[in-house]
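Two complexes come next, and they have one chain in common, chain A, joined by chain B in the first and chain C in the second.
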Partner chain A sequence: MTREEIIAEINAELAEEFEIDEATITPDAPIYQTLELDSLSLVDLIGIVQTKYGVLISKAELPTIKTFAQLYDYIEQHQK
Partner chain B sequence: MANRVVITGMGIWSCIGTSLDEVRDALYQGKSGIIFSQERKDAGFRSALVGNVPKVDLKPYVPRNLRNFMPEEAMYGYIATKQALDNAGIDEDYLNTHEVGIIYGNDSVAEATMQSLDKFRQANSTVACGSGAIFQSMNSNITMNLACLFKLRGINLTASAACASGSQSIGLAALLISQGLQDCVICGGAEENNMYGIASFDGIQAFSIREDEPEKASRPFDASRDGLVPSGGGATVILESYEHAVKRGANIIAEIVSWGFSGNGDHISTPNVAGPARSLELCLRNGGIDPKQIGYINAHATSTVIGDRREAQAIAQLFGERTVPVTSTKSQTGHEMWMAGASEIIYSTLMMKNGFIAGNINFEKPDEETACINVLPETKETHFDMFLSNSFGFGGTNSTIIVKNV
Partner chain C sequence: MNDVLIIGSGLGGLACGTLLAGRGLKVLVLESSNQPGGCMQSFRRGGLHYDTGLHYVGGLAPGQTMHKAFSQLGLMDLPWQRMDEQFDRVIIGGRHFAFSQGYDAFAEGLAKDFPHQREALFGFVHRLQHITAADMEVSAYDYLRQTFSDELLLNVVSAAAMKTELRRESLPLFNFAHTCSSFIESSWRLKGDGNLLVNKLIGSIQQAGGKVLTGSKVVRLTEKDGRIVSAVCADGQTYEAEYFISDIHPATLCRMLEDCPSVRKAFRRRMAAAENTCGMFTAQLSIKPDALPYFAHNVFVYDKPNVWTMTEENEPVKGVMISARMPENDSDSLRQIDLLTPMPWHECEAWADTKVGHRGDDYQSFCRNKAQQCIALAEQYIPQLGELIEQCYTSSPLTYRDYLGSPEGSAFGMRKDCRVPMLSFHSVSTPLPNLLLTGQSIILPGIEGVTMTAFETCSKIA
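Showing the complex of A and B:
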């Protein structure tokens, strides 16, 4: 998938799953605050990325993903 | 019971109404909540009959991250409990400053468990189950969710006793209050109403197959009954000690006079007469109640051939033949299973407070063994001040509650 396709798909998926306005998902927006993630719902973000792209975000790398742009980067680099 | 135990709030989400007023009117009018489900037929059900329970939209009340822990039955439990707390005049401030408990009946988590395990197997990853799955797939999901959402700091317990779960939860709560261990307990029962919860139940051919006449399919005690109709939803009653209710100026609706229970110690699905009869007997004895004081019996009768016979015989054994009026509200609602013991306390209380007994719809004539009791086929305007409600379940678990007017 191209980066554009990934962005369009994951943004729509996250907006639906976390019940937020898709317009609030911008490349520089902070993921945790925008999706209102806590220690449990973070698992849902990881699950969506794994189910959609076969990409399992490792525990060690999780702290490096703070913005949506960084999430897109991660998926793009690791997608199978 | 040492302390008097009173009902100060009720809430209901069922196939015959989603408010106390709607349910009262439906009971009076003999409305059936049963429909034919093409979805179930297409999926391979032998009987596609089901209670038409509206889905609950909790988006206005519960944020996504907390709703994520709630399967269908917890949503029914939440909306019924919200109604009951409003009805009881118990607000957030009160819950934050008093020790209120919860005992709630539930005995299946099929859809939530299936969905999370499907995701797990499809993705070969446990993460795919999602963060809510562990909470959704535990049988205590209703009490764990409601205790957190309503900030409850008293007893927190799920009663799993098959189709007597709702009744046992009320009995246990009443016992704790009567002994002075709790002042106020939220109790009730809820039942998932999706097809996965009861697919295997359909498989043992326990359901009515009168699919061409859905509203006539549930016909407890009638000679031509051919099985139960599954339903679901949620029902909550707020119990308090009399002193506690008076102190906070609550509107006292009715009083729990007594609880009786028993086990059949017999077959897993076929009931006997002796077990239910002992539950009735213990309930009468515990409350010091003469059978003549009971103005109405809300039977467990689910519309199965054997079960209705055995209950009729147990009632006749304790009350004499064709004496006290008996009806089964399952004729209108179908079998609400884990919820039924609680919803039927609400149905009966609504009748008692509004001066009528809802007719056992679809009852045309008894068979040889159900002829021993006085089944009312049509709604009757009448005054009564005390009723008895039966709930029996698989494994031979029996529960009986007596409630009186206040």
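Showing the complex of A and C:
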């Protein structure tokens, strides 16, 4: 998948699953605030990425993903 | 108004109810079926009581894993009887092995059969006693392969872990170890049926002013201002409470939360998409009077050393657990034996649309055939068992699904996966601060796992 395809797909998925307006998802937007993530819903985010792309975000690397752009990077680099 | 409303009266729900009622909280337990107890319930046929999920319990001696928890729940008052020193016997490919109670005795006993693996055996029992949450990320199978160079011994130490789903690619060491450890500490059978345990817990709840209502199927939970305020039952009754605890499968709970704005799709779908463990097939036998002496140990019989892969192969049955029921009349002879073998859902999926008592002749014939295979294996330990049987009652994952509401008849709830521990071990918390989870799907299955999870759930209620 190209980066553009990943962005289009994951944005739509996250908007649907976390019940937010897709327009609020921009590359530099803070992921935690935008998706209103807490420790429980963070697991939901990890689950979506794992199910959709087979990419497991490791506990160690989780703190490096702060924006949507960093999430796209992570998926792009780790997708099989 | 109730302080705590608990959905489901399995061991987890009743343990939470007992602990919270003991703290002075007003507890209401709602059970959808007409009989409380979930997997702990027993049923009566031909004057004998048969258990569904209770066979033996580990670690009940003072100072051991389960003693404190069972004491707090009032369950140490029940007539527990310590099993034989060699509490589990294993037969693989005709060779006999025994598990002794006590970690050192366990290792020493097996070292007699596997002297070249003596060091590995002592390392194994040491590891069992030092399990931490980090072992949720460790593969049980990989650990055993690294520990035991002898393939047969790897199978022998795994043989009694039929109490969980032995799946090479996913089973965490954390779960495998908890399945083994407390039984090695000490193993116990209840003199009487599982309803003794169920009634004891219900009695404690009632004595503290709580209630357990059967035939009360919750269909919807109502949210107001970010908290659950009431449970609505199929009969239209509505019950209010400060806190709600779910002791049902999380996927079933999520269907009750569809109108709750605080529970977003991501959470509901994650719970609904979680994989379930396999089910079990059980042949429950009544034995002719005075025909067979009682034995206070379990026997695990396998045709060959394929303990970890047998469910991947098709019929016939490759492994069976033999559990003798303790005679209640102090007779030396037993009257009942349970034979259990793992059974994946796909084996009974053809009858998925049928209901209890209306599954058709082909299903009956399937069950008879499977029971015969279990009996044939069990005859490696009890010669001519087939000739001693009066009656044989069978249950499959379909039975578990229809009586206990377990999706796909899963025997151990949602699967734990060492490759994705964050996604498969669950928090007792939910997106709603006053809705908590308990039961076998959350952290660990089995009597020990469910009891410990109940303590964790209750710790969240101030």
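Things worth noting here:
The criterion applied here is as follows: the second predicted complex is superposed on the first by the 80 of 80 C-alpha atoms of A that agree within 3 Å, B and C clash if a C-alpha of one lies under 4 Å from a C-alpha of the other, contacts with A are read in each partner's own complex, and residues count from 1 in each chain.
Assume a residue touches a chain if its C-beta (ideal position, glycine included) is under 8 Å from a C-beta of that chain, and two chains touch if they have at least 3 such contacts.
This is a predicted model, so every value here is computed, not measured.
By the document's definition of touching, neither partner reaches A:T64: not chain B, not chain C.
Of the two partner chains, chain B and chain C are each touched by A:T51. When the two structures are aligned on the shared chain, A:L40 is found in touch with chain B and with chain C. Legend: residue contacts after superposition of the two complexes on their common chain; A:E19 is shown touching both chain B and chain C. In the superposition on chain A, the residues of chain A contacting both chain B and chain C are 18-19, 40-41, 43-44, 46-47, 50-51, 56.
On the chain C side of its complex with chain A, the touching residues are 264-267, 269-270, 273, 419-420, 422-423, 427, 429-431. Interface residues of chain B, counted against chain A in their complex, comprise 59, 63-65, 68, 119, 123, 125, 127-132. The part of chain A that touches chain B in the complex is made up of residues 18-19, 36, 38, 40-44, 46-47, 50-51, 56.
Chain A contributes residues 16-19, 39-41, 43-48, 50-51, 56, 59 to its touches with chain C in the complex.
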